[in-house]
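Next come two complexes built around chain A: one with chain B, the other with chain C.
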Partner chain A sequence: MIGDRLQLIRSFAPLAFLILLVAASAVIAPGVLQPDSIIGFISDAAPVIALVIGGTFPILAGSIDLSVAGVASVTGVLVVVLNPVFGPWTSLVVVLVAILFGAMQGFVHTWLQLPSFIVSLATLSILSGLALLLSNATAEPVPSDDILVGILGNSVAGIPNTAILLVLIVAVLRLAMRFTRFGRDVYALGSGERAALMSGVNGFVTRTLLFAISAGCAAIAGLFLISVTSFSSPTLAGNLLLLSIVGVVLGGTAISGGVGGLFAAVVGGLITAWLRIVAVIIGVAPTAQNIIFGLTALIAVALTTERKKLGVIK
Partner chain B sequence: MIGSLALRGVRKAYGPVVALEGLDLELRVGEVVGLVGQNGSGKSTLLKILSGLASPDRGEILLDGEPILLDSAAAAARYGIGMVHQEQSLIPNLTVAENIFLDKAHASKRFGLYNWPALNRAARLQLQKLGVDIPTNKRVEDLRFSARQQVEFAKVLAIEEMVDRPPLILFDEPTSLLTPDEIQALFAQINRLRARASIVFVSHRLEEVLEISDRVVVLTDGRKVAERTKQSIDREELYELMVGRQRVDPSIQHRDRHVTGAAPLLEVDRLASEPHFHGISFKIGRGEILGIAGVLGSGAEELCRALFGAIKPDAGTIAFNGGASGPGSPRAAVQLGIGYLPSDRRSEGMLPGRSITENAVITYGGQYGWKSWLLSRRKEREAAQRWIRRLKVKMDKEGAPISSLSGGNQQKVILAKWLLGRNLRLLLLDHPSRGLDPGARDDLFEVVREQVDKGLSVIFVADTIAELLELSDRIIVMRDGEVTAEFNPALGALPREEDIVAAMV
Partner chain C sequence: MTTSDPTARVAAVSEGSGGSARNGLVARLSFLRNHTVWSRLGGPLTALVVLAVAFQLISGSFLTVANLRSVVEAAAVPAIVAAGISFVLIMGAIDLSMEGVMATASMVAALLVANGVNGNHYGVLGLLAALLVSVGFGLFSGVLNAIMRMPSLIVTLGTWFIGLGLAAVLFPQRVPQIKDGLFLAIAQVRILDFSLTVYIAIAMVVLAQLVLTFTRLGRMIYAIGGEELLLAASGIAVRRYKIAAFALSSLFAGIGSLLLSAQLGSGNTDIGSGHLFPAVSASVLGGTVLTGGRGGAVQSALGALILEVLSNGLIQIGAGPYTRNIISGAIILAAVAIGGWNRRAMLRVVK
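Right after this comes the complex of A and B.
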């Protein structure tokens, strides 16, 4: 029973922290709760949350995808570069390409039995380089005829369409996690890979799908970013890599796998996005923000790691 | 100076399972003590206590009459106690010299720095004591198996120089993977050491124990049931003592069933997977329980894993359910309707962080949903509940993590996972009752028997022979990777326990 209560505290602690953080900010700077600020925050938070969701999935199964920020950057560039070929549907095509890329990455990771950490670090480098190469390292305006980016730039009844799409994605993924065999297999792999495989869980397919989802979410995060800025820069999501991992951990998803999920990802994404506001409120120079996020990542991992579960720290 | 190490009234329990009870034992210098007993008799626990890997719950350990505390392998080494492990404890990517002095403070590696020439010299000295010539700067992974055993041996012998008293050397099944020549060489080493050390020799092979030991101690169910000098005992009597109190109650009513003569469910032909087993052939019919007897290292566990697709056989064929070839992976086995209850429950059987229900539905839950990928959480939960009730799992609620259950209840949930499969045809039970109390064991076997009556086939690697006789329709005995005997209790001839043991060791 005591264990149950601890479990409960564990899963709601991040939410409590988020509320505390928002309340504290509101005390210091009441303006942050103005409707305008909230709308601004949502537009700002949507790409971060999408990245955190993408980053969460492989981690649930005990892998990790470090390439999400690279996928987001390349997405922005491809929407511009491929526009002459695919016209108004370019961004949709780019998301599909990203999903395919993610599936390949997952396949390489499981089929060749390479650590996901290395595989995705390598692809992060490849993708970042690709973004610079394809864009000639220059920022370009997003073509105005792109349907999806156009829609995302608008809002319905004051709510940004990015937020609405995000809610839709979360809902679909939530249903998939709860009512498909895939969802259960993800957690099984994360909490005991050997036992899961000995129980007939298909490790290849599950991991391939996970990385496909991860890259898909990252591509959508990229679309969110360019819909806000209406400019596509090859280093668009460069500083979001660490942030996405921070978000995963702050939400309560265990880096060792098997614990956490979508709810944790959304809360973690919100906390991370709000931390950026806090950094502004308390006057941290933009150049020093990464130091704050790095420290936060360390503290969050220290608080959420189940040391009992780990035999060897790698 | 005659040194001696004595255990007085030592007790050790793991949860409800008592591994050792009130054990008195004296080990003297100049004497080889042979230690025998069936699986689970407490031999390994005793070795763990002597080598500092486990602490007794009660009782004391006396060295020359003074009580000592053995709370770590390092503490044991300080008193001159070392163990030659059955599964070698060397680190493959370090050199021979590094391995020999790995667990010891030595002048050649002071302040965290290696003095390589001194280290190699010291290692060479140790190897010379054994009369072997192995390059000390070679990596262990590049050595042959028998040479590694020599290094392992040298590593333990090096303790001799670290302490100023005669060492106590424990041999845990040292011969199980050696050729006859290598065994004779090992015995020569032991005989050479005999005068200046006390030695404990554990083996399942009774001839070897009788050959090398001065005194034989027999353990059964954690108690010492006999202690004899070599002269006062022979092989036959040793068997009787070992089988001892676990002798089968002749009143056990064996299930009177006739396995139909229809096509067998599984046909294994000259199956081999080196070095575990070879030339294994047998058939199993629908609704039949095939028991496999064998000591650790007999290949019985690996055979189960091969049938489940977790080990790839090198040779031979498996024909399952009318022609289909054997599973190439556990996943394929699951789809064919083959289940496997692993002996390593913690890492292969259960998903520790997940709930009881989830553990039960992980494999076959899809069969209760739509097209096996869309789940019906209600239907599969109901199915899981049925089996959990049927198996009498004791729990607070199904949503609790499986790790909150006792070992026996965990095992029941893992069995439920397989029984949930509507097309389960063959169940492989690898030491299903390991660590279970009698009540949980009976619940487990009752349900297995009931399913067998409905047509399930079972291959069963048992913890004890009593269990094997209780459950099996047919028994094969394996030793060193080969089938050495076959018995057919279902045809009325209940084999004697002694006969089975004789084929095992």
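Right after this comes the complex of A and C.
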């Protein structure tokens, strides 16, 4: 009974927080709720939300993927570098490459029994080096013939296409989580891995899929970023690593695994993106925002971590 | 401390603190005769020699006095921060906050000593303040990890960005040029053709190793990495040691930051950029297992030297400067995979 109520608070507290946050900023600066600013907000928020959705999946199973920002940056660089080879379809190819990369990462993590944070910290290092190497550390304009990036830059009936793609992704993932065995396996791994493995959950396949989804979402976040800026820079998503994890925990997904989900990811992503607006409204310099996000992340983790489940906390 | 049996390890810890002074001394001296010490340093040393010879054979210009000197100079700060992060890695935890701590320490130091922006002139006190701030970061992370029971990964990710943000807030309108003679001298004074930075690095690494080998804190750090549950069950208060390890790690990052600031001649918010991954992979290269319990400061420093030889040699044979991060990452993966290969078979839960 009390557990149920806690569960309910956990799912709706972030949403209430988001509404409060939006309401408060609307009182201070009424302009933020005008259609133009909302549309601007959506384009601004889309990359963060995509990263948060991707980052949520490994965390649901108790792992973590630190490489998402690296994947997003490399995606931007690859769209430019590979354009002479694949022409208009480059960005699609790059997303597929990212998904494959993520799958490999998940496989290495499970097969070699290496902690996910080490694997993804190592790949983050490799990816950020690759982004610099491939782009020669310079920002390049995104080729105009790229179909996917072109579509993302446009809008239908006033709604940015990035938002539409985001809704599609959420819908597909939601259906997969709700109606396939995969969805239940993820929560099983996150709530009690030993028991899950004993009862026949295939840890290899599930983890491989989780990291593939995570990298795929990160690549799409990279496309969102370059469709807004129309420039690809090797450090495009540099400071989004923290934001993506802040978003995951602010939505109520526990870093200890098994609690949370897509709804939490979307709410968490929205809160994170809106916090950036609040920071601008109350006049925090962009560079100083890192303090706010660092502190919010710490507070959210302090509130949501299930310490009993983690046992020894390293 | 080389035994893999956790019970023996805990016994060794309590014996070391409670045994008579004479027994303790004999035990401590036997450390020098212990073959495993040499075999542990042997691996990294061999790698170092093999790499150096290989690069000499390929490029023909690696083993010159001038080049070796520049390798040693470049490895000084990476060796310090690698030795520092070893305190935390040996416990089986991780400290990602280094780059943020370094940024804030650099700004604090540059703004408190004689500089081109404000009228402060605190000299050595300013440097001490910067180190105190660094230790403060470590204490903060340590308290959140050990007392609030939050995973070190997330905690130090948070302090990393808080540090970057603080440095950005402190940054004045223009670059704070350092005008303090004593501070700048750290990079400029040369003894036997090496800058003072190199000697400070050697001293810090040796100091770190002494702390790890000969103090109760050091032995507890190994024991926490080996079998923390057992320690807690034996009624040993591990929390203060965990906090101390994070504080030491940040202190070393702060020292590294001051040395770099002296070289640069100004405070810089980007000063720590690119130091985290090499430090982790240097520790891993030196034999620190990321699951804890094994490693050492000297080994990690040797790892940093190997990395520096690698990137110097690769640049000499024509690879670009951006390969550094790629190599660091690949080394972390390879070393951890090989190190843990024999333990794969068990049904272990790996998150």
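Note that in this section the second predicted complex is superposed on the first by the 313 of 314 C-alpha atoms of A that agree within 3 Å, B and C clash if a C-alpha of one lies under 4 Å from a C-alpha of the other, contacts with A are read in each partner's own complex, and residues count from 1 in each chain.
Just so it is clear, contacts are C-beta pairs under 8 Å (C-beta built on N, C-alpha and C of every residue); 3 or more make two chains touch, one makes a residue touch a chain.
Treat the numbers as computed from the prediction; the structure is a model and nothing was measured.
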Partner chain(s) touched by A:180 [first = chain B, second = chain C, both, neither]: first
Which of chain B and chain C A:14 touches, first, second, both or neither: neither
Touching partner for A:302 - first (chain B), second (chain C), both, neither: second
Chain B versus chain C as contact partner of A:293, first or second or both or neither: second
Contacts of A:247 with chain B and chain C, given as first, second, both or neither: neither
Chain A residues touched - chain C or chain B, whichever exceeds: C
Touched partner set for A:143, first chain B, second chain C, both or neither: neither
First, second, both or neither for A:194, with chain B first and chain C second: both
Chain A residues contacted in one complex by chain B, in the other by chain C: 194, 197
Chain C-facing residues of chain A, complex: 62-64, 108-119, 121-130, 132-133, 137, 193-194, 197, 239, 241-242, 245, 249, 255, 257, 285, 287-295, 297-298, 301-302, 305, 307, 310-314
Chain A contact footprint on chain C (complex, rising order): 91-94, 144-145, 148-155, 157-162, 164-166, 168-169, 171, 228-229, 269, 277, 280-281, 290-292, 320, 322-330, 332-333, 336-337, 340-341, 343-344, 347-351
Of all residues in chain A, those that touch chain B in their complex: 1, 3-4, 178-182, 184-185, 187-188, 191-192, 194-202, 258-259, 309
Residue ranges of chain B in contact with chain A within the complex: 308, 310, 330-331, 333-335, 340, 342, 347-354, 358, 361-363, 365-366, 369, 372-375, 377, 396, 400, 404, 417
